[in-house]
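Each chain gets a letter, A, B, C, D, E and F, in the order it is written, and its residues are counted from 1.
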Amino acid sequence: MKYVMAVIKPFKLDEVREALIAIGASGLTVSEVRGFGRQKGHTEIYRGAEYEVSFLPKIKVEVAVPDELAERTVEAIQKAAATGQIGDGKIFVYELSEAIRIRTGETGSEAL
Amino acid sequence: MNGITNRMSRVLPALGWAGVLLAAAPAFAADEPKLDSGDTAWMLTSTALVLMMTIPGLALFYGGMVRKKNVLATVMQSLAITALVTLIWTVVGYSLAFTEGGSLLGGMGGFMLAGMTLSTTHSLAPTIPESVFVCFQMTFAIITPALIVGSMAERMKFSALLWFTGLWSILVYSPVAHWVWGGGFLGSAGVLDFAGGTVVHINAGIAGLVAALMLGKRIGYRKENLSPHNVTYTVVGAALLWVGWFGFNAGSAGAANGRAGMAMAVTQIATAAALMGWMFAEWLVNKKPSVLGAASGAVAGLVAITPASGYVGPGGAIIIGIAAGVVCFWAASWLKRAAGYDDSLDAFGVHAVGGIVGALLTGVFAVEAIGGTGGLLEGNAGQVMKQAYGVIVTLLYSGVASWIILFVLKATIGIRVEETQEREGLDISLHGESVV
Amino acid sequence: MNGITNRMSRVLPALGWAGVLLAAAPAFAADEPKLDSGDTAWMLTSTALVLMMTIPGLALFYGGMVRKKNVLATVMQSLAITALVTLIWTVVGYSLAFTEGGSLLGGMGGFMLAGMTLSTTHSLAPTIPESVFVCFQMTFAIITPALIVGSMAERMKFSALLWFTGLWSILVYSPVAHWVWGGGFLGSAGVLDFAGGTVVHINAGIAGLVAALMLGKRIGYRKENLSPHNVTYTVVGAALLWVGWFGFNAGSAGAANGRAGMAMAVTQIATAAALMGWMFAEWLVNKKPSVLGAASGAVAGLVAITPASGYVGPGGAIIIGIAAGVVCFWAASWLKRAAGYDDSLDAFGVHAVGGIVGALLTGVFAVEAIGGTGGLLEGNAGQVMKQAYGVIVTLLYSGVASWIILFVLKATIGIRVEETQEREGLDISLHGESVV
Amino acid sequence: MNGITNRMSRVLPALGWAGVLLAAAPAFAADEPKLDSGDTAWMLTSTALVLMMTIPGLALFYGGMVRKKNVLATVMQSLAITALVTLIWTVVGYSLAFTEGGSLLGGMGGFMLAGMTLSTTHSLAPTIPESVFVCFQMTFAIITPALIVGSMAERMKFSALLWFTGLWSILVYSPVAHWVWGGGFLGSAGVLDFAGGTVVHINAGIAGLVAALMLGKRIGYRKENLSPHNVTYTVVGAALLWVGWFGFNAGSAGAANGRAGMAMAVTQIATAAALMGWMFAEWLVNKKPSVLGAASGAVAGLVAITPASGYVGPGGAIIIGIAAGVVCFWAASWLKRAAGYDDSLDAFGVHAVGGIVGALLTGVFAVEAIGGTGGLLEGNAGQVMKQAYGVIVTLLYSGVASWIILFVLKATIGIRVEETQEREGLDISLHGESVV
Amino acid sequence: MKYVMAVIKPFKLDEVREALIAIGASGLTVSEVRGFGRQKGHTEIYRGAEYEVSFLPKIKVEVAVPDELAERTVEAIQKAAATGQIGDGKIFVYELSEAIRIRTGETGSEAL
Amino acid sequence: MKYVMAVIKPFKLDEVREALIAIGASGLTVSEVRGFGRQKGHTEIYRGAEYEVSFLPKIKVEVAVPDELAERTVEAIQKAAATGQIGDGKIFVYELSEAIRIRTGETGSEAL
């Protein structure tokens, strides 16, 4: 199994979710993160003093998939999340040693 | 003209016509104005409005400007000061400020509000019950030290704050209030201060600057992001200050009359002008008009019109407002940066600077037909000097006295929290609570 | 002395001088006081202030104390109760409480406010329009059941809450208001309750305790973290309660006069003393002064001074305040823990306990020169007994009646949400909304 | 009956008895009513209350309904409009609306409030200082454009908003206020509008609809989650609107008299009924009563009773309230969806629709004994037609004029932010700030 | 070493923490996430318009353990977090290459 | 490639970010987490009742780096985040199977 983790632009979440469902992912987990990268942050102004906010709001999407689905998952995310502009984010893929469904105790791909 | 006659003149328009009514009621002694239910209604309301300025107004204004880990500690300061000063004012503060005494300090005849009954009045507001006058003035005594904490935010020890507030209220607020309003030497010298530009704002602002210097800068100042965690709170606070300020300024007429109405009108106009002044200045300089700037501009305008309301008309109000907005923007951004002190929430930059702008311009724009005294524009050039005299005396006395109080506290119980407490946030470290 | 004469005496100081004025206007019948614009102005304002106590005051006070998942459901309770009681009061509540009837209940002569015109007045406030008196009293009828929900927070079914409020308002609030103020047997017995220590606070507090017992504890009580999600809201709520309480207490004079002023002064003083009392007690016991504690202390003081305002002076106010702060701190921490009920937001611990402290001490500190009746300290030892009588009757009646109403509701539509709803939070499960 | 006599009749009950008092004071000319301190107290208070409706009331009401990334930009709109309209009203707005002129527009005699002194009054409120009348009416001029932004939320350019507000205030608000209240043709035609159902709400609502259409839908409308980020703010805002509306409606009596009291009573009753109406309608249709719905219902009721207060009694108020609650619920949910415009915060659905309901039903339920004119139920069938006339004229004029102003702005500086700014949120992109 | 990551129902956090302490885990890191899966979200109502909130609040628990503790960790979490109802969540297990304690610089199992 | 994940004290974030930039990391992702470990939580007081808040606020920093940079990354974080006091946090290192830049589709080290 593979664990696919993507950092994307917040407003792309709905599209990514739909793309993942379309290819058969059974679930996903998302969280709010802040990212620093090529895309520059903005300047906030505070009582006349400028302050560089270096981190931008991003959404992290995590989805565990069987090995055979991994490639399609990455493709689906990439297509759905891309705007072509700097700051679109990254996709990272890891090996997943084991997965367990808490409710039933099922393991492996069945647990996903 | 001394402070009392000065202030008395505010109620004269009311007396003008009320007097006639009373004349028709021969049962009354002509020389003893009686309670007026309309004036009383307005002063009861004004008292509620000015209390609302401190809690929740100032609590939110300041609470929104600190980091999230310090918001509860900040609102707690307004809350605790409200309670502490209420008790001090009841016991000695009112007496020292407003009962018969010398030109430097009132007497102790009003200790524990002794002598106050359902029917007594105070000569400064002869048509309302003394109890209402006491409460109205109490709300001024409360907000003044509450303003100071803006300079101490995010690093002051809570116990030291209580000591400071108690001592400062007795040793600084009551005397200065007496000098200007209670029959003391500044009022006698002809210094005009309708609702407290000197007594409240310059007084608090300079004390704040001293406190900022004594406390030192916050950890991370100019390096970490110390920006406001919730400007929405700050806007709500500014709005409640604005609304409550009608009680502050129009209430300072002591009656529901034409002078109160004019004070309300110029308050509204100057505040609007100052908001615009700050906003456009910032827009020009920083390319974006910040919401914090608009809220700060409004407060700067409210501060500056405070001494002038009751003396100036709409035209003067617009100019005072614009001046306050632009100058306070400059003070809170350029001056603070240049001088290098960490006046966390700009108590000095807004209240002292705005108060000085207002006090001096009162001397320029005062209209005889409104407040009984004309200013520079009406040929009374000396008034600006008198105003400057009031400003300087207040800056000096409050600055030095605040320094002494803080110096003693620093040497004894300490005034600043530990470094780890400051990093963890005052909410948890001082009060054991946090906002989710 | 019955309730009416009792209350009438409040307006006498006003009549004292207004009467003289009127004497100069022979067109008026001497025995029929006429509308006074100043009194009317103050009572219009007071009505707005007391409405502000419930929304947004109480809504925020309570809303900040629950967990984030229940905040909307909690503010919704204050909002919906405001609307529901307004309609009930209009239709029957006012009539049952304040129109001619027996010593147990008023009549139905005021059904749907029948007979109210632009010029009618009520004998308890003869210088203001009846419409204003109806609205002012309506705001009291609103806040009383809104206080109860503090005990039911985070687990009460919304539909059951509406039924409870409606029935309780008619079956409990209107009768008790009639007993004390509307010409009923408690007022006749000489029980003093200026602004509702008995009618509002003890009444609501004991109903809250009964509700807490009937509902049972929240899931996770004493195990999970049930602490307030945003004490800033709670402080803002407490502050608005404080400011609004000037309308509550000083407004209960029914006029803008010396007694209103004195009521305002003692309200401010007692509240400050109670805040200090709770804060220092907690500081001593728990090592840290919590912000929630300070806010709660203020409310405890406001509650305790409610029956006493209009009867006591500044000295009595300080003692009542300190007592309320310390005793309510003890009730909300030690007593609640010892007895083991889950009074979520301490409606009982603050309102019933604070109300009892205030009701009894009114009997001790009442000053004849202020309210027409002296207390224990002025040699009238019987007054404390009368006060205790009022307390006990209210505790018993409200306790039993609330129990019956809740019992019936529990047996029919149910009063508590499902377990999964409680876990998910009432915001989503009851109202389909959530705070981001 | 023209607008002035119409409004004058509001103060007559006051004059009734005040006049008698004055009769005893022969020093006064009988035909020239003098300042009344009680009326002045109430109107000072009302001014503060109506200002509070916009800041912080409306700021929070709207601020809570947008997404978190737009909350500061939204509260900024209320704040900046307050300042801008204050200056415009001072310079020309008041003059165009309320000084002598033709039936279409007032004159320029009051440019920069020329001629206003401590003792001048306005004929519409002859017992209070002109300065208070100016300020009171100013708060109405402020809130009207501030209501419009509900339709523009989350996508309007800030600079364009300022231009729009300035132009609209002069070209639309002042004329319409003049037509109805200032001596213009709608008042002369007998259109009843006690506190601004037409001048304020229909006027703002239709302008909002036009703006929503000109701006186009928000990105993600009907696809992304655009739901309110913090309904607690919205409830607090609605509550402050409710409380402040006592100043709006009861203050429109211009005096502290029986008509003010009745206006307050019906305001409270209609608001409660509308809240209940919306809540139960939504409960039925959507299975859950939302908190946003309850708050919106209250505002719908306040809007609808605005023209009627001062003319109707409690019975009429209940029906007006229920109608407004149900109809506005339908407009904000079904109608908006069906028509397909993106009126972000339902300025049209609540203010225009609620205002029309209220304006028409005023013609049905007006009671001669209260406001001097009876409605359909009292046999004056023509009144409904007159009301409809007022509604239609306002819809047409404001709709067209708003369209022209926006068209010109769109063609020149542009009215909508860039797509990336909209996505990033207006807080950061327009003001350089964000809420943590 | 293994890195065990679990997505659980929020109100189960305390029980899971206690279970982990019981088996000897020395620390854990939690964060708030939102999950999409078999468990359906709820419908929020907005001005008469229904809006499907597809993501449900969940808590992510992360705990690094020595290999020998991995199995017991998974068991402990599963037992503590299960309610038997849909949406109980998942447990994912990865290989951990290295762990370092920042304070001391210790590495490997000693760092946990 | 390696995926380095660190749990640090919140006020150390700026120093860690600067240290990572200094050694050539091209981006990073951070999130707010709560940690439980040797460092004890504080006691909150609620209406006279003490309540133990066991979790402390921490910041999680995630940075994907080419293998050759892994060691220096760990060192840089450790040095920047250390205060020497308990609760300084941990650094965890995993294998990263793949990385993709969403904007361009680049993969491997080039995507970082």
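Methods note: contacts are C-beta pairs under 8 Å (C-beta built on N, C-alpha and C of every residue); 3 or more make two chains touch, one makes a residue touch a chain.
A quick note: this is a predicted structure, and the numbers were derived from the prediction, not measured.
Comparing the residue numbers each copy contributes, chain A and chain E share less than half of them at their mutual interface.
Averaged Cα coordinates give chain B a centre that lies 32 Å from the centre of chain C.
Each chain gets a centre from the mean of its Cα atoms; for chain B and chain E, those two points are 53 Å apart. Rounded to whole angstrom units, the spacing between the C-alpha centres of chain A and chain F is 18. Residue positions 21, 24, 36-39, 41-42, 45, 227-228, 256, 286, 288, 290, 292, 432-433 of chain C are each in touch with at least two other chains. In chain E, 31, 44-46, 53, 94-95 are the positions where the chain touches two or more neighbouring chains simultaneously.
Interfaces, counted as pairs of touching chains, are A-B, A-D, A-E, A-F, B-C, B-D, B-F, C-D, C-E, C-F, D-E, E-F. The touching residues of chain B, counted against chain F in their complex, run 220, 223-224, 423-424, 428, 432-434.
Interface residues of chain E facing chain F in the complex, by the touch rule stated above, are 3, 17, 26-31, 64, 94-103, 105, 111-112. The touching residues of chain C, when paired with chain F in their complex, are 225-228, 282, 285-286, 288, 290, 292-293, 296, 329, 332-334, 336-337, 346.
On chain F, the positions that touch chain B within their shared complex are 11, 14, 42-46, 53.
Contacts from chain A toward chain F in the complex involve residues 2, 6-8, 31-38, 54-55, 58, 60, 74, 77-78, 81-95.
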